[in-house]
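Here's a structure for you.
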Amino acid sequence: MKGIKASLLPAALMGTMVIGSGLATTASAQDPYTVGVEASFPPWAYVEGGEFKGIAIDAMEAIAEEVGIEIEFQDMPFPSLIPALAAEKIDILATGLTVTEERSENIDFTIPWWETNDVVLVPEDSDLNVFTAVCCGARVGVQGGSSQQAWMEENVVNSSDIDVELAKYDNYVTAVDDMAIGRISSVIVDDTSAQEYINSGKPVKMAGKIYIRAPLALAVSKDDPQEILGDLNQGILAIYESGEWGEIVDEYIPGVTVPAIPGHMPDFVDTYQKPVAGLPELGNE
Amino acid sequence: MDIYDVLLRDFPFLLKGLGVAIVLLAALLTIGFVLGMAICLVQLYGPRTRLVQWPLTLYERVFRGVPIIIMLFIFFYGISGVIDISAFGAAILAMGLRSAAYQSQIFRSAFQSVPAGQMMAARAMGMSKVKAIRHIVFPQAARHAIGPWTNEFSSEIKETSLAYVIGVVELTRQAHYIITSTQGNVLTVFAVVALLYFILNRTGNSLLYALERKLAVPGFEK
Amino acid sequence: MADDLILDVQDVKKAYDGLEVLKGIGFSLKKGETKVLIGPSGSGKSTLLRCINHLTVPDAGRIYLNGDEVLDSNIDAMRARMGFVFQDFNLFSHLTVLDNVRICQIKVNGTDKETATQRAHRELERVGLGDKAAAYPAELSGGQQQRVSIARALAMDPDVLLFDEPTSALDPELTGEVVRVMQQLAIEGMTMVVVTHEMSFARQAADEIIFMENGVIVEQGPPETMFNDSTHERTRAFLNVIAEHG
């Protein structure tokens, strides 16, 4: 597990290393795989007391152990993660990443390991419901580059007469805080995160759910240049079947119902065509 | 744990973030200084041919005209095909090369504010061009440059906070960690971070002002 | 070329954008001689002086210093042997008076610091500024600055000193102290070429006066002849104008 603690140091160490090594990092076969995470995205990935924590972190470590690979985490803001994966600056993307058609054109998804629905968060004392919160000139907060932003743009902003304005944030915590001081009237966020905010005592409540049944998955660079997609798929299934996955999830979101793995695999994702890498019996015909 | 306990517990990580910011700042200012000085000297004293001068002008215009965040993305993602560069390396290069463009202009106007007679007198005494620049023009230009260079120092401190977009975990990013892991406290955490930046800025400026005082020569500013 | 010539200027020409400023000028200087170049502004005398040490590169002509030709290739070494005093002093403004006088000894001639310091103090005494070693140029009057610049040139132990209108930038009451230093140098046997409008200096200190106009030497001769007995109408006219204003 040397990946965890070492991983927060690189930036500091690199200051000295970088000058000596001509600013370059070279990947060789025995180097650990770099796992890109958005470490300000609890409960999936965050940093507490200088250490990476979260469902994606613990699960990724369990998977790595299961399939026998070395990993190290690299934190990046969410909007940078997919470009970084596409440019092969990172090998694996592990965060609460929603499977979408657009993303599947640029990166390859593992089998889904979670399923979310979006919720509309409003201030605790608000009397808005899911319909009144997202209409009539409201400013609605989303995380920039997130699936919620894409969904809102596709289904509300661009395709209906509903008059809302999307406010895009660097991360959801800022969005929720902005709602608390009245800059925006609601925040669209996945149900897992929403529960997290409510559990931590933020003055927000759910006005209602948007059932989109969005699958979440890990991702690798397009066409799997490192040939690890099969290992990851097998690892995900293995930790699910061993019960380790359930324990990890329960630690971060107590009492939540863990969706079955593999979950719903949308047709538009080409890595979900039969045979799925590492799990040849699975996949869409 | 309330936020103050968390801040106390995580303060070493904020300091580590500050350390990363300082290393980044020092590296980018060094690159900017060396390259900026070289550009300035070639622009002022190098061959006047277009072949030499035109690329330098282009370089300076491009790096001063493109937002740093775009440069960061270009250096991190864009040149991956050429060399495999780390996020920190990309940040140093992008910011250092940009600072070189700014610093070259600071130095150029500092050199130009040294009266032509100084160079002429040095040459008339038998100094070579290099000696005249080194012993006569440079020491005077340096005094003119410290003021504007202090501004560059301050603005680059602020720019280092943008390096997190390509994954450099500096002070601002460490602050994000605390904010997200405690689900809020934006104001408190950023107030502490602002204070750290402020201290860094004041310290740097004080050192530069001290240098300026040390080099002060009666009547020189006239 | 005679052996005892310190400076020998032969047929120097210079044109700017087709306008001939120097049309082939020659003169020479023996050791210990002082020659004064006079003439109306635009006559080319300052350009001629600058051509001697290539501050202005001549288009044609030859210049010899102690038998060595002044060339682009040896120009730094040759300049080190020719002191040059500017109209506006051009003291190094970031250096003290002492450093002004010793920096070129150290950086150009390679003199060690102690010897250079002693020499600097001696030359400052010589121009009457022994007590100003620690001052910065901006703290001195124009006359004092010009005397420092003379000391700076003397400290290089030059074969010849070139003065380019050394008193023209000074208030009238400050010219005296500079002229006195120059006269003293002439008496001590310094070899000098002086471009000036100070006719009193020319009359008293010059071995020869060279009158230039429109890029040529109109007339040259000892001061008595030039001032009292000039054969050229142009020379007389010029000296009359100067006399009226001086």
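To keep things simple, chains are lettered A, B and C as they appear, and every chain counts its residues starting from 1.
Note that contacts are C-beta pairs under 8 Å (C-beta built on N, C-alpha and C of every residue); 3 or more make two chains touch, one makes a residue touch a chain.
Which chain is which protein? Per UniProt: A = Amino acid ABC transporter substrate-binding protein (PAAT family).
Remember, it's a predicted structure, so these values are computed and weren't measured experimentally.
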Inset, instruction - Identify the chain whose mean C-alpha position lies nearest to the mean of all protein C-alpha atoms shown. - result: B
Inset, instruction - Check B-C against A-B and say which one is joined by more contacting C-beta pairs. - result: A-B
Legend entry - Centre-to-centre distance between chain C and chain A (centres being mean Cα positions), rounded to whole Å: 81
Legend entry - Centre-to-centre distance between chain C and chain B (centres being mean Cα positions), rounded to whole Å: 46
Inset, instruction - Please report how many Å separate the Cα centroid of chain A from that of chain B, as a whole number. - result: 35
Inset, instruction - Provide the residue numbers of chain B that touch chain C in the complex, in ascending order. - result: 115, 117-118, 120-128, 131, 135-136, 139-140, 143, 217-220, 222
Legend entry - Residue ranges of chain B touching chain A (in the complex, touch as defined): 9-10, 12-13, 16, 19-20, 23-24, 27, 73, 76-77, 80, 83-90, 92-93, 164-170, 173-174, 176-177, 179-181, 183-184, 186
Inset, instruction - Could you pull out which chain A residues touch chain B in their complex? - result: 8, 10-12, 14-16, 18-19, 23-27, 36, 39-42, 46-50, 53, 74-77, 79-80, 83-84, 87-89, 171, 173-174, 176-177, 196-197, 200-202
Legend entry - Of chain C, residues touching chain B in the complex: 53, 55, 76-81, 84, 86, 88, 90-94, 103-104, 107-109, 136-139, 149, 152-153, 156
